[in-house]
Each structure stands twice: as structure tokens, then as C-alpha cells.
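Okay, so chain A shows up in both of these, paired with chain B first and chain C after.
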Partner chain A sequence: MTEYALIAAATMSVLLFVVLFRRATQDAREEAQAGCRGLNDAGDWWEHGSYVSRAVLQQIFSQDDENFLNGEADPGTKFFFRRERKKLALRWIERRKLEAAAVMRTHRQAARGAEDLQPSEEMRLLLRHAKLKIMCEALAVTVWLAGPQSLHGLAQRADEIFHGAQRLRQAVRSRGDASAQQAQ
Partner chain B sequence: MFDYSVWAVAILLELALVARSVRGDYFKRYPIFYSYISFVFLQSILRLAIYRLEPDWYRSVYWFTEFVGIIAGCSVVFEFCCLCFKGYPGVVKMARAALLVAFLFTFSKVLFTAAEGAEGWTPALTVLLVRDVRFVQVAATLILVAVVLLYGIPMSRNLKGIILGYGLYLSLVVLNLTYLGVFGERVQFVVTKIQACSYLLALLAWNVALWSYRPIESRALVAQKSYSAICAETSEQLARTKNSVESVLP
Partner chain C sequence: MNGATLNRVLPADAWRVYDDFRTRTLARIPSALERLIYIASTRDYNSGVYQHEGLAGRFGGDAAAQALEYAHWEVFQAVSLLSLRRLTEELHKYMQSSREQPIAFLNAWQKLEPYRVAIPLRVDPTIAELFISNIKIALAVLRHRQSAKPDRPQGALPPPSPAPRSPLPYRG
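Then we have the complex of A and B:
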């Protein structure tokens, strides 16, 4: 009975998380879709590869502005800044997802009439697209939870934890070796 | 009373389908599907007659016609595949490969059940064998629908109706037979009723979708570029998007 309750609780938690995430990113999705259809002006400077896009992108995901605001701005401004930055980042990620989906759609439309279609090649492309989509989703979840400017901080922290765990493992192993030598 | 009503309605609906096909000359357009419907129509009449006149024979006649019906059902999926992918040689290759994988995964279960039956066929084992064979059909149908949706293959209302009706019927049959195999005769009463109703639903879907002939509106043009060029272009575009996403990762 306890197992069923735990499974139900875990399922509910996952569902709740998914619902909250979908709701939080709904605006970004709608804006990105509108951008792709050419319904807003964002399409021009948001196109990836352009100088403006690269510069804006680096700024959105960097900690520079955050560090600057930490010293200068009041909590209200900081809150507003983080919210808007998160929106921009999510919108950019959604845009990349839509772009990848459009690439695959165009590919399928072109490939369906090809006589020399290779199923293995199709599967490879499908997997590549799935991998890219998962990457975008993971990025979106991280941005939603921690904000775009925290990505670098999170990576540093993960790196520290990883190295800490490695050091601990080495210490345990060397202690084990020492006690084995003592026993001999 | 319920059984007879379902039987009567099913025979009427089958008769309507066959009559419409004769009147509109749809038999030429969907020969396998209408052959299947004619077979099922004759099978229903035969079963009803045996049930009324020789109840002792009913069980063996039922299982014999059921297995013949399953094989005939495979041909419906085959016809759907042929008509739907006509003019899309590439997609046919893709569908064939996907069907082969699905078949290898699902047919092994049929073989296991059949091997168990070699020691003696119990009613439960027969039910499980029918379920496993039906499951192979469900997998094949799902794979075909997935390929159709993935490649945006245009379908006529007739084809949509054929696959929707058959898919619905198959899914409910697999679900029912699983319950019957697990819980045995305790649930037989409910299961037979649900199965009969699911077949009526399929017949209704077929009648609505196949009332008049609807040709497929547009067919794909032959690809302008070679497949390798299309793939290279897609790979390049995906790589560009991936690089763009990776550039923000620490």
C-alpha cells in the first residue's frame, strides 16, 4: 500500500512539475511561434548567426548584467530584470526548437518522394533531432528554475561537486589500500 | 436478447456497406477491404445460423472463422498501406523497415504462446494466442499511422475511416482478450458485450467514412534533389541549430 502511495505521489509530482513548466513557458512558446510566422518584429534581429543575435545571446546568458545589478539596483528592479531575462532566454530556446522542427518537416516533405530513401539515414536524423530537442528541453528547464544568468554558475558548482566527489573517492581508496597493507 | 440485437444490427450495417459498394462501384477502388467486409458479412450469417441450429458446433466454428478473419484482417492493413503510400516510394521503404521491426518484436510473443499450446490447447491459451496475433496487427497499424503522420501523407476520408474503424476495433479486442486471458470466465459476460459493441463502432465508422467515394486530393511530386543531397542539407541545418544551442552552454 505504501509503495502505491509513493508511486502515486511521485507521478503527481512529475505531472505538477510538467504542468507548471508548460504554463511558465507558454508565453515564450506563443511568442516564438508568432515570430516564426512573422507576426512580430522579433524575427529580424532574432535570426541566429547574425552579429546582433550573437551579441544579445551572450549577454542574456552571461552573469555580467546580474553582477552589475547586484551592486546597483533595488530588489524590485532586480526582480523585473530576472523575469524579463528569463522570458527572453526561454523565447530564444523555443525559437531554436521550432527551427529544428521546421528543418525536419521540410526534410520529410522533400524526402518522401525520393526513391533512394534510406531508412537507416532517416532514423539517424530522427535521433539527432530528438537529441537536440532533449537538449533544448533540459536547457529550458534549467533556465526556468535557475535563470539564464545562472547557467555558468551552475556549471561551475557542478564541476566543483564532481571534483569534490573524485577527491573523496581517491581518499577512500587510498585509505582502503593503507588498511589492506596493514592487515598483510 | 442483447446478443441477437447486436448480431442483427451488425449484419444490417455490413449489408449497407456491401450494398453501397455495389451501387457506387467502390469494390474496384478498395477490393481487399470490401472482400473482407463480404467475408465478415457471410461469417456473421453463418455464425448466427450455427448458433440457432447447431449450438454444439458453435465454439469450433467460431474459432475457425476467427482465425480466418484475423488473416483476412491483415490484408486490410496491407491494402491501406498500398493505397496510402502510392506515389511515395521512399516512405514505402521506411514503412516496410518499421513494420519489420514491429513484426520481429511482437511476433515472438505469438510463437511463445503457440509453443505453449503444443502441449495442449486450453480455452485461455487460445484466447491469448488470438490476442497476441491481434496485437501484431495493432502494432502494424500504429506504425503505419505514425509513418503517415510523420511524413504528412495526404489521406482520403475513405482511407481514414478504414484505418480508424479497424484500429479502434483491434485495440478494444486486444484489451478485452487480455482481460479474458487474465481473469477467465468471470469476465466473459462483460468482455463479449464490449467486443460486440466495439465491432459495431467499427462498422459505424466504416459506414460513415465510406458512404461516398473520396479520392486522395494531392500526391507528392518526385523529389527534385537526390536523397543524399536532402540529407546533407538537413544535417547541416540541424548542426547549425545544435551549435547555436551549445554556444550558450557553459
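Then we have the complex of A and C:
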């Protein structure tokens, strides 16, 4: 009887965890989607240079700002800071997932009409996308439980995989464009 | 960003305006936050178009608007990526240069959130969110510092300001 109670409690805990986590990331996803709206008409300079992306990551996921607040702020501000950073980190993760999904979607559409598909490159792109999704999920759970501080390395790795997938997609596309020109 | 990269993102005439604006106007404004507020103030709230009579008169309205938009993006990025320590100091300097009572300044900035108008129209949403979040935290730190100071007697306070004042240079 006790075993059944324990199993039921464990199942309930897992379910509760999943529900709360899904709810937290759902909010972040909706906010990330809202933030991404209207970016299609944006120019290219705001995304110029991946150093901006790295610097933003450094800010959101580093410990430096928290160390500063430890000597400067009251408990309410520290709590507010941790909540804000967690929100920012979850939104960044959701945004990366959305952007990666968009890269894959446009690639799939282009691949349907392509005549010179390279199975090895398609597989590499698919694996990178899968790896990015897994890393983003792991990162989101960790951020949700413990906050983004000291997770800078993992976030940077996810960012590198995303940029790698983007570069691979561009290389595949430009090779496809070149072969289409040759065929003409 | 170096000149070669800039030439790719800005047309040559806008690049000349940007260079002139950076060396003759922005260089005279001491803090990054003041530079940001100044450039944002050249943008029309209704159309989002940047207007600067002096630059438009010398270089043309379109080139001036493009250069100001780029300068806005660049300064905004620099301010958003400041550490919380640096941003708090920048905000403190800005508060002092406004010559308003610190409490009145903090109340206005925390309630009205005027810093939101300093966000460029075309910007990475993560940077914009980071900027808003960091300003809110820096304001909370300044308020905490303010409340930690011993109370001043009412008679020692300077008279209230008769009109809004700005430390920023005349835009013309």
C-alpha cells in the first residue's frame, strides 16, 4: 500500500513539474513570438556581427551583475533581478528555438524543389537541429529551476550550434543556387 | 564596427553625416545614456523618422535621418550591453545632470518609464528587453541608495524646478 502511495506521489510530482514548467515556457514562448513579430521588415544592421549575440548572452547568463547587486541592493531588488534574468533567459531560449524551427521550415520548403540534395548534409542539418532542441530544453529546465547565472557556457554552446546550423543552411542554399544557374 | 563594415550598412552620404554627427555632436555629450536620450529625442514620436535641422540643412534630410537611425542603434546597443554597475553609474550621472530632485526623478522614471522611448524601432528584441530590465534594476538600486541616505531637513532642499530642464545640447 505504501509503495502505491509513493509511486502515486512521485507520478503526481512529475506531472506537477511538467505542468508548471510547460506553463512557464509557454509564457516565455508567447512573449518571444510577440517580440519577433514585425522583424521581417527590419534592416540587416541590427543583427550585424555575432559579437552582439555573444555579449547579450554574457549579460543574461553571467554572475557579474548579481555579484554587484549583492553589495548594493536590498533583498527585494535582488529577487526582482533574479526573476527578470530568468524571464529574459527563458525568452532567449524560446526565441532560439523559434528561429531554428524557421530555418528548418524554409530549408524543407527549398529542399522539396531541389534536384541535387546531398543526404549527408541534410542529415547533418537535421542532427544539429535535434541537438539544439535537446540543449535548449535542458537549458530551459535548468534556468527555470536554478536561474541563468553560471550557465553561460551551455548557452554559448547552444548559440554556436544555432549559428552553425544557419551557416550550413546558407551553404546548402548557395550551392543549390549555383547549380541552378549552371543548369540554365 | 569599423568604417569598411559601416560602408556596407550605410550609403556613402549617410556615412559622412554619421561621421560628422559622431565627432561634432556626440563627442561633446559626456555619458552614453545622455547620448542615447539625445538621439532618441531627434525622432518624431508619430512617424518614427529622425529629424535634425542642422544635419538636414548641410547633408540632406534622408541622409541625416539614416545616419541618426544608425547612430541611435549603435548607442542603444552600447548602453544595453553595459554591466549593471556601469549602467547604474550612468543613470546616477544622468539623474544629477537633470538637476531634478533625486526622488522626483526616480518616481517619474519608475512610474512613467520614459526610457522606453529611447528604444530604436529596428532592434533585436532580446537587446530591447535587456535594456528595459537593466534600467528597472538600476533604478531600484538608486532608490535603495537614496533611501539609505540620512534624511535631509526640509529647509535645506532647493526650490522646485519651474520648468522641465534638460542637460542635453540644443538640437539645431
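Following the convention adopted for this analysis, the second predicted complex is superposed on the first by the 112 of 184 C-alpha atoms of A that agree within 3 Å, B and C clash if a C-alpha of one lies under 4 Å from a C-alpha of the other, contacts with A are read in each partner's own complex, and residues count from 1 in each chain.
The rule we apply is simple: a residue touches a chain if its C-beta (ideal position, glycine included) is under 8 Å from a C-beta of that chain, and two chains touch if they have at least 3 such contacts.
What you are looking at is a predicted structure, and each value in this text was computed from that prediction instead of being measured.
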item: Which of chain B and chain C A:F162 touches, first, second, both or neither; value: neither
item: Contacts of A:T77 with chain B and chain C, given as first, second, both or neither; value: second
item: First, second, both or neither for A:F17, with chain B first and chain C second; value: neither
item: Which of chain B and chain C A:R91 touches, first, second, both or neither; value: second
item: Partner chain in contact with A:A55 - chain B first, chain C second, else both or neither; value: second
item: First (chain B), second (chain C), both or neither touched by A:F68; value: second
item: Contacts on chain A seen with chain B and repeated with chain C across the two complexes; value: 48-49, 60
item: Parts of chain A lying in touch with chain C, wherever the complex brings them together; value: 32, 35-36, 39, 42-49, 52, 55-56, 59-60, 64-65, 68-69, 72-74, 76-77, 80-81, 84-85, 87-88, 91-92, 95
item: In the complex with chain B, residue positions of chain A that touch it; value: 48-49, 54, 57, 60-61, 93, 96, 99-100, 103-119, 121-122, 125, 128-129, 132, 135-136, 139, 148, 151-152, 154-156
item: Chain A contact footprint on chain C (complex, rising order); value: 1, 5, 9, 70, 73, 77, 80-81, 83-85, 88, 120, 122-130, 133-134, 136-137, 140-141, 144-145
item: Residue ranges of chain B in contact with chain A within the complex; value: 87-91, 93-94, 96-98, 150-153, 220-228, 230-231, 233-235, 237-238, 240-242, 244-250
